[in-house]
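Chain lettering (A, B and C) follows the sequence in which the chains are written, and residue indices restart at 1 in each chain.
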Amino acid sequence: MWQVIGHTWAVDLLQRSLASQRLAHAYLITGPDHIGKTHLALEFAAALNCNGEEVPCHHCTPCRKTVQGTHPDVQVIEPEGARLKIDQIRRLQYDLALSPHEGRRRVCVISQFERATTEAANALLKTLEEPPRHVVLILTASDASLLLPTIVSRCQILPLRSVPTPIIEAALRERIAEEARVQLIAALAGGRVGWALQAIQEPALLEQRQDNARQMLQVLCHGRARRIQQAEMLATHEDVQGMLQTWQLCWRDVILLQHHCEELLANTDLYEELAQIATSSSPEQASTAWQSTRTMLDQLEKNVNARLALEVMFLSWPRVEVGVTDSV
Amino acid sequence: MTTGGPAVACWIMHVDLDAFFASVEELLNPALRGKPLVVGGRPEGRGVVSSASYAARAYGVRSAMPMAQALRLCPQAIVVPGRHQEYSRHSHAVMDILYEITPAVQQISIDEAFLDVTGCERLWGPPEAIGRLIQRRVREEQGLPISVGIAANRLVAKIACDAGKPQGLVLVPQGEEAAFLAPRPIETLWGVGQVTGRRLRALGIATIGDLAAWDEERAVRTLGERHGRGLWRRAQGLDDSPVQPGSERRSISQEQTFAHDVADRLFLERTMLRMSEAVAARLRRRGWVAQTVRIKLRDPDFVTQTRQETLAQPTDQPEAIYEAARRLLDAHWTAGRPLRLLGVGVDGLLDEAGYQLTLFERDDQRRIRLNQALDEIRDRFGDEAITRAALLRRQHRPEEPDPTEGV
Amino acid sequence: MKISCLQENLSKGIAIVNRAVATRSTLPVLSNILLSTDESRLKLSATNLEIGINCWIGAKVEQEGATTVPARLLADLVNSLPAERVDMELITRTQTLNLKAGRFEANIKGIDAQEFPLILVPEEDMRVQIDPDVLRQMIDRVAFAAASDESRPVLTGVLADFSDDGLTLAAADGYRLSVCTTELEQAPEQPTSVIIPARALQELRRISGEQEEPVEMLVSSGRNQAYFHLKDIDLVSQLVEGTFPAYRQIMPTTFNTETIVSTADLLKAVRMAFIFARDASNIVRVQMVPGGENSGRMIISATSAEHGDNVSEIDATVEGKPIEIAFNARYLIDALDVMDTAQVSIQTRDASSPGTFKPVGGGDFVHIIMPMHIPR
């Protein structure tokens, strides 16, 4: 049984190609962060070497080793630092040329391939062109358009989309009892299964989000001068990107509230504060603010000066008196 | 001799293309021949003369003179803006001729070079014959006038060359260096600029011979230990600075600015192929091999990007250069991006080198022989078209990406 | 697990399997050695997923079992123990190996043996026996020609071709090729051809040491492993997948010049030239001047732009046309080093065709080197 939440069509497709023995040499799984790309890849890897009846059985030694990350024929390669480097690909290429050690196939999952250097991508191209016969390569990337077209054209592409919230809720209910938390986490996950599963294990994730939201509420209360101060302070925050994602979701909720779509709210625990923002700002202001978070997320990718970008963004936000206390 | 001169007679040659830019312009537009021609910036701006034909020089026009002043001296002068691509193409061709005489070539600038022809007699005859050969080949193959100075060292060779301009050939016999220099103005000597010149003239020294007549100690006392001793030695016609082959930046490249911006992949590849061929031919003429290949891309808004790749093995073959250039284009150019300029070049040039032939890609040997044959044909007929066609035919291999993909 | 053995045996066994311990793996258990009881012996195992080695040593087994412990730690520890009896006991609950020798005691934290990759004895598909001296000589003559650069994995391996003619080993790195054949006492049931990593053969050469009994070689039915059985030692190697280049096609069939020369003289001359060639791409120029029965000459020279040049002349028997050809000095030295006969024969065609080197009277061995192209 595949232990994958959502992505049913992708599982079906892989299952069918396993059953008919018509495997591609290379797969490319695309989709946003935390959506379950690497997890799907590893489930597939387990299925490829599984000794059980219904693959992946999750009971046999190969399955167990694959899931634990100790299967000698299953490798996961991630960027070393910011980039995936050519040396990593070269090392891999030699390993792949050897016959599998104990499984039927050597499987290599290369995650975040959009972070491969051009040299690394070109080196891998060679393997994709003439793959050793026992090898299955699974690349993951946030978007196929970020890869060399020559790489993409040699892979079977599985574009994963956000997992519908009800499916995430159902999966969470199997793991935690408290319904309010189930709904909050599922709503906040915004389709990111991986994030939801992480959130139930690491309460800190939720707390971090609350802190982030509180920062936003504070900015809205302040005038020009203090907003600039806050921009300077937050620019050194360890996860500016995460902070922006929270803010983006908050503004999305504000817009939903302004259009009376309470049932779609993600930050259910912040209902009161968000409702206050919704009533004391115009829909234009809210959508401008939402747009500003999006712009800045794009800019971050291009290594923009975070402090300046934050300043510009904060100054474009409306001023709203929200009933929150200044916290530390 | 007062100090230990070289035990073996050295023959150093200085060659300098006469009024180089102006001569190229005359070559490209024969109607200008013999007319006062000035290459440089517009007089309205703050342009200066970068080159003047001898007809213009007759009016007192000199290089580096403000254009406005030049036109006051010679109002009928024809002013043309520079075409540096043409000049560098001719310069490369002339340097190639020099490298065929000897690898000991030190290029000083776009239009001048030193050659060490010591020991070349057996191959090419006495130094004077070598000088005549260079003058004849540069005139016949490139249509350009060149002056030659020959002497025991670089200093005297350079002054001899200047003395014979234009189209001169001056040989200073061994041992007659000091006598040759003696009557020349003191400013002719390397190391005598405006300041030193004025000082020396104040001390009654107007010619090199005047300084040579001093004793060495006096020169040192008057002009300082290093400077004084150096000048005094030079005034005697002594100079032991060696000709340093290739001390010019060692690289060979070709680039092309397109008449219209180009985004067509096939066209870019063909351009690279042609340039790779030209670069490889120049490598082979000089007997060099290159370790690095680079490409240059310039966008319509003049943003220029240079990317390079180090080859697994040095090469002088167009295929290897082209393959590397194409990999670089693959990696650094996205389909549809228009380019204003494209260039292919090689660096890391080695002269005492070779490369290992491979066991499995035996095409190597056939290609090397083919390229050797093509070199000979080109040498004889100067026809580039043959090679291009031969290379292009190899282009359409089945694994080639669809050429229309990039459009 | 509870066992006793002698420190000397344990130390020797560790040294043998240590070479297969992984140095760059993401699996932590691969930097460990697996200790397990096997009837009345202790079996030591290590693998880097390319090469696996098992080594058996005599032991008194009181209680069966298995564990893995860090290889470096175990080796350092055992090597510093006195040469006496070592008692080892596994505390299963904590996966700790308790080790006692005389008045010395240590506890080593291990990883569960379950996590250790399996080193299986393959289901046999083909089995041959080879004289150990012949095998060692063949490995010496061939394995060095395999590529050390991993960009073409197939070339890092040695092709082992079993047929009615015997066993042929071949390796090539793209610039040179070594081919060596020996007859087998018993022909294999069916012709088989596999690519064994050169590193595995070099390890085999090392651990076969002074063994005098024939080495048994098995190739597994799935064609994914080669297995070498020695006395008290097994070496299992993964195979390199892919197609080995059709090397027979590139072996020269004709030549214009044949030179026979003293191996030692030539090696000495090339080594001397190498001193100058080192900073000139290793280029050594070789000139053959015809003349029968040692009245011919070989002139070996190298030039360094910075350091000068060197020329040596040696007597040779040169038949055919005079030729000048350039080689990489490194390749010449490597080849001459394994020519274990007094004279070597060199066949050449022209300056851009491969040179063929054979030991005169030294069995079925051919080494081929591509020359270097010199622009001028």
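Assume a residue touches a chain if its C-beta (ideal position, glycine included) is under 8 Å from a C-beta of that chain, and two chains touch if they have at least 3 such contacts.
These figures come from a predicted structure and were not determined experimentally.
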Nearest-to-centre chain - CA centroid comparison: C
Of A-C and A-B, pair with higher C-beta contact tally: A-C
Where subunit B and subunit C are represented by their mean Cα positions, the distance between them in whole Å: 53
Centroid distance [mean C-alpha coordinates] between subunit B and subunit A, Å: 58
Subunit A and subunit C, separation of their C-alpha mean positions in angstrom: 47
Subunit C to subunit B touching residues, read off their complex: 172, 174-177, 245, 250, 280-281, 283, 303-305, 326, 328, 352-354, 368, 370-376
Complex interface listing, subunit C residues touching subunit A: 24, 26-27, 29-30, 47, 49-50, 115, 117-118, 120, 150-151, 153-154, 156, 197, 222-225, 238-242
Subunit B residues within the subunit A interface of the complex: 327, 330-332, 335, 401
Contacting residues of subunit A [partner subunit C, same complex]: 65, 69-70, 72, 75, 90-91, 93-102, 132-134
Residues of subunit A defined as touching subunit B within the complex: 118-119, 122, 148-150
